[in-house]
Amino acid sequence: MELIQQLVNGISLGSIYALIALGYTMVYGIVRLINFAHGDVFMIGSFVGFYAVTMLHVGFVPALLLAMASCAVLGMIIERIAYKPLRNAARIAVLITAIGVSLLIEYVTIYLRGAQPEAYPSTLLPDRNLELFGVVISSQSLFILGTSLVLMVLLQFIVHRTKIGKAMRAVSHDAEAARLMGINVDNTISATFAIGSALAGAAGVIFGIYYTKIEPLMGILPGLKAFVAAVLGGIGIIPGAMVGGLLLGVIESLVSGLGYSLWRDGVAFVILILILIFRPAGLFGKNVREKV
Amino acid sequence: GCGGNQQSGSSSGGNGGGGGGDVIKIGANLELSGGVASYGQSIAEGVELAFEEINKEGINGKKLELVKVDNKSEAAEATNGAIKLISQDKVAAIIGSATSTNTLAQVQIANDNKVPIITPSGTSETVTVKDGKVNEFVFRTCFIDPFQGTVAAKFALNDLKVKKAAVLIDSASDYSKGLAASFKETFTAGGGQIVAEEAYVAKDTDFRATLTSIKSANPEFLFLPGYYEEVGLIVKQARELGLNVPIMGGDGWDSPKLIELAGKDALNNTYITNHYSSGDPDPKIQEFVKAFQAKYNKAPDAFNALGYDTAYFLADAIKRAGSADPVKIKDALAQTKDLQLVTGTFTVDQNHNPVKSAIILEYKDGQQQFKTKVNP
Amino acid sequence: MATWKRTRGFWVSVILAFSFFVVVEWLIASGTLNIFYVNTLFFMAINVILAVSLHLIIGITGQFSIGHAGFFAVGAYASAIMTMKLQLPFAAGVLAAGVAAALAGLIIGVPSLRLKGDYLAIATLGFGEIVRIALLNIDYVGGASGMTVTHMTTWPWVFACLFATILVIANFTNSTHGRACISIREDEIAADAMGINTTYYKVAAFVIGSFFAGIAGALYAHHFYIIQPSNFGFLKSFDILIFVVLGGLGSLSGAVVAAVLLTIVSTFLQNYPETRMIIYSIVLILVMLYRPTGLMGTKELSSLFKWRKAAQGGMNHGGKNTVA
Amino acid sequence: MAAKTPLLKAENVGIQFGGLKALSGVTMELHQGELVGLIGPNGAGKTTLFNLLTGVYVPTDGRIMLDGETLNGLPPYKITRKGISRTFQNIRLFGELSVLDNVKVAYHAHARHSIASSILRLPSHFRGEKEMEEKAIEFLNIFQLDGVMHEKAKNLPYGQQRRLEIARALAAQPKVLLLDEPAAGMNPQETKELMKLIAFIRERFALTILLIEHDMSLVMGICERIYVLDHGQLIAEGTPEQVRSNPKVIEAYLGEEVS
Amino acid sequence: MLKVDGIDVFYGNIHALKGVSLEVNKGEIVTLIGANGAGKTTLLKTISGLLRPKNGDIVYEGASIAGKAAQTIVKQGISHVPEGRRVFANMTVEENLELGAFLRKDKEGIQQDFAKVFQLFPRLEERRKQLAGTLSGGEQQMLAIGRALMARPKLLLLDEPSMGLAPLLVKTIFRIIQEINESGTTILLVEQNAHMALSIAHRAYVLESGRVVLSGTASELQASEQVKQAYLGGH
């Protein structure tokens, strides 16, 4: 029974990772940039949702949409100001900029509103506990799992079936050649950031509802974990992010359940390293040898 | 290094400290960014409010000037900060840091340079006493860990009449570990049994796995000495998982945020030991709460109160010392007796710890209710 | 004679460095430099050692490692165990720090053989976190609250370590072994095809780089009174990474200059606690936007002095070209 | 020529990428001092064969032998040290390194000074580095690259980059040199000069050369023997005249009339 | 149809094109020859909008296109087959071709063009689902040309289409270029293989160090001593 409860715990934790990882993996897949600021966009989404609910007194859906829209705009602004000028620079320069942007978002938020946490109002989404044979499942965690699944399918559809998705993939392989196809590279990359950031924003609101507590540095660890999840599944591969997130959640729950909760994050990183060594392309990625 | 020592001797001898003219400079070496930024910021708010009040009249005709440095929640930066405050800003005393470790990083510098340091919230015993010897220049405003743990254990055994307890510790915090250690000692000595002992790290958000394994050990009581940010979530998640036993913690719980985080219902049947209660009708406390509300537009938490008290604790000593000389301030601090502050009545003991009474509060429908008062 | 000519620059820098040492030692002994400046100087030196050691791994060998704080931590703890737990002299602590960190470098160097670019970056980031979490869970070294360490770091020690780090890494880089590392950075497949044992040199870079990061750890632990796992999180790794990239990837003097400048900036910003991190991050972004190759690019400071000579040489080449 | 044991021998080698059989049952021999051409349509597997010979890929079938010693499974750097070196179809220079340093890197395998001696700046370091520099300049002289030896490799014009690749491959002091489309992107005039250069280094360093090329004027002009690959299999082998008139080759590769 | 009028193009400080002018008339094949680094690729990139000229003008069908965005220029009917093929390596042959028709909306027309491309390059039809990165050089070149044709260009810019190709394929490619031209597409062809290029072109320009140094009909240039010396390998 305890084991099943731990699995349930793990899946709900994992759905959150998956939710953040979806946006992460998409941006990485297209722009090949480890967007360290992704976790902070997630945090901003969470706060936008919070202020929408507490100050504008709107319900869940408008708050979610507002958070997604603001994050989409924020994502596009970040890309235009901080990443676009560096398109042709060394990867590592962009990585440093991403770290800079991440710190900037965190500390501007702290400067504006302080570092103290906020608590999401508990009335936003109904929370009922379903008990099945002694295993408690919260209705919210089912909701989160469902949301992640729907978004995964939607994202997969966008990237692989729509025109903008094809443009995104073309840009990711060779931006100059993409321009010769008539693709507007700047707009495509903006769209990528907008979608990825909107997903982060949605994840932020949902995280707030599920875990109640939000604070300006909340994005760091989930951001990192989501990245681990994305790598686990095969970075750039959308269903991979989903599976990677769930898997990571379940593993962490089992480790904690066995009484090694302090090693939980350590185990996550050990798995990451093992995966990278033995299956560098992730569980779902194809190992493509470099053609010489 | 010998170089550093030689040098520092001359520096503290050469100047009176705290600057001349009509201001006395006081340093604040706080966690304004980094992992525990919220503690440092809360303390800073409390200190700033107190300084504002104190400066309306001034001390011995002088005003207090606060020089803040940010130690980024890192020990090395705390050392850097203390060095800068002492040698560049020439402060008369330093307030901070919020955590025991960051305070410990400054102890040697304080002693070497003969400048007093007061930590508002570093509760670890080792801050003021090392190897049985008192750190001459280090003081604190909070009570020490063992006291709260002992009080909680006795309360659980005698008032709640439980025998099987689980303990869940914030392993990143000396405070939490210290409380847990003294709780376990007193609880088992009184015939109780610890059936589960688990840990988490500050900033975690998901405790369901750990709580699930605690639940399966069937405890009658959960001792949860942590800070409100995690405690709020733990209590909420524990209740969700059907762990409905009484839960108890320390002053780290005390924040209006706790009620928002955990929810009123989940908090029923929980208890804390505390310095003071913001709902306490004592006029001293209500005055503070009102002033704080007016300035910051929110209710004060424990760190706000401790920061505020630290400032008054220091101001009182300066007044009695009649000088901004750090060594004289140190002597005055050590002689503090029956000082009425928000978090209790202060008397500094021979180990530089304040002797304060503790109270036990119960949460009922989101309200703290006074249970008992325990004297040291 | 020829050897003297080639090593002249080397000896000049040795003499300059030694004079610097003597002057600072005198300033400290006479009390002219107050404790604040001494402290800043030590902090700077530790940061320079960290930056230069990471420069070898990232700037020269092209191995994208962003978990350098892990090696730093291993060194700090190893030395603290030697001096505080085993009561051995500081020298033993420094040596143990280097060796323990080098061993850790060997361990993380092995996965690096299979990983490239971002993947290696993430793996090393993970490694750094694992070190931190392990330290958090080992009660012998104090867990989360860490260890208190007696102050033993002195200017002669700091100078000796700094000097050794720069000397070893500069000499390594300016030799066929350094060129082998650079060729791996430029094109690993081609390097392999040219007979370079890429595995060996990647691991060598990791081992040497982490050795010195460990040494920095020993100096740090014995200067700042207390060490705890939270000092060695990924933000610390990022700090070191920022020195290297800001200085200019591939430029040793760039790494030194950036570490010195940023330490000064960081110290200066202590006066603006609320806005410190905001200013810091804006500086970071602006430098990267306007100088994405870093302050020095791949150039070395010494090339500024050689500039005249190089220009003359260029003329000669030009002449030769037209003849050929 | 059959009497002597071959210097380099591929015996029935094959390799598979996923479902694609890029090479199968290829057997070829190179004798000391020969200059052999390898031609075939695009995608026939020529570059892949080079990759097998140099250890970049490990063959799924067959054996590769140098001087009677099996090379299968050795990492590329060991194979290079045993005496096979190559150029790449898409130029792979060390762009940020100077022209001189590019050549020195290839000579590295022959350096005898250790890491320790370099760090301590022992006399053996200076001796080793000096020898390297002299050797490297010698190679650059041959390729008329000495005038640009302090330039970064990435700043060279294309033709010089191609020549530098060959110089670098030679500095590894191979017995067998593999050239992958050395004349690609060169105009006829430059190609002519390249032919002379290849003939010269072959004499000077007693090299055995295998080269891939689509420029028939070059292949037919200087190769003594030619192998023809198509769809991963050898379809012909022989002197330029034999190959030129081989109907299979005409059909798969040359097209009707040969220019 | 296309008139390049005295353009100057820079890479930072490098002056790559110095006042280059040329004309391409409707229905022609015009070839541009010149040594490595002469600026041929630069010129094509400037025409297709990947680079901006500093001075001078580019007029296409009566309107200036100098400095316009690449997608606008593609839309107006200019397709560019870049040097080095630049196919989208991790996408299938089919997806690459679909991208060629990115700006088009006429589904039927696109289907017809698919058929046409496969007719020109039967090899591509065989490899329809293969990832473009695993194609051989020649196959990739076919794909790059096919991809450009999918935009139904009026003017096709080809940058060294024969580079690295087998003799048979070179012939095939040149034959196809002629076919494409005969079906009404104007072509500007950059080539190292001056021989072949001049044999199919109507007119030609010779570029040296960023300047046009010679121009004329293909047969004129074939006969020119200067061209023979430098680009046709003596004779």
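Order of writing sets the chain letters: A, B, C, D and E. Residues in each chain are counted from 1.
Convention: contacts are C-beta pairs under 8 Å (C-beta built on N, C-alpha and C of every residue); 3 or more make two chains touch, one makes a residue touch a chain.
A quick note: this is a predicted structure, and the numbers were derived from the prediction, not measured.
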Separation of subunit B from subunit E in touching-chain steps, minimised, is 2
Hop across touching chains from subunit D and tell me the fewest hops that reach subunit E.
1
With centres defined as the mean C-alpha position, give me the subunit C-subunit D separation in Å.
39
Distance between the CA centroids of subunit A and subunit E (whole Å) is 43
Between subunit C and subunit E, centroid-to-centroid distance (C-alpha), Å
50
Provide the C-alpha centroid distance between subunit B and subunit D, rounded to the nearest whole angstrom.
73
Of all residues in subunit E, which are in touch with two or more distinct other chains?
134
Two or more other chains touching the same residue: where does that happen in subunit B?
33, 35, 171, 201
Quick check: what residues of subunit A touch more than one other chain, meaning two or more?
107, 110, 262, 265, 292
Enumerate the contact residues on subunit A facing subunit E in the complex.
163, 166-167, 169-170, 173-174, 176-184, 288, 291
Residues of subunit D touching subunit E in their complex?
17, 20, 39-44, 89, 157-159, 181, 184-192, 214, 216-217, 252-255, 259
In the complex formed with subunit B, which residues of subunit C make contact?
28-29, 31, 33-36, 38-40, 43, 136-137, 143-146, 148, 151-155, 220, 223-228, 230-231, 235, 267, 270-271, 273-274, 276-277
Touching residues on subunit C, where the partner in the complex is subunit D
2-3, 6-7, 10, 167-168, 171-172, 175-180, 182-183, 185-187, 189-199, 204, 250, 298, 310, 313-314, 317-318, 320-321, 324
Which bits of subunit D are touching subunit C when the two form their complex?
54, 56, 75-77, 80-81, 85-86, 88, 92-97, 101, 104-109, 111, 113, 115, 118-121, 123, 125-126, 128-130, 132, 144, 146-150, 168-169, 172
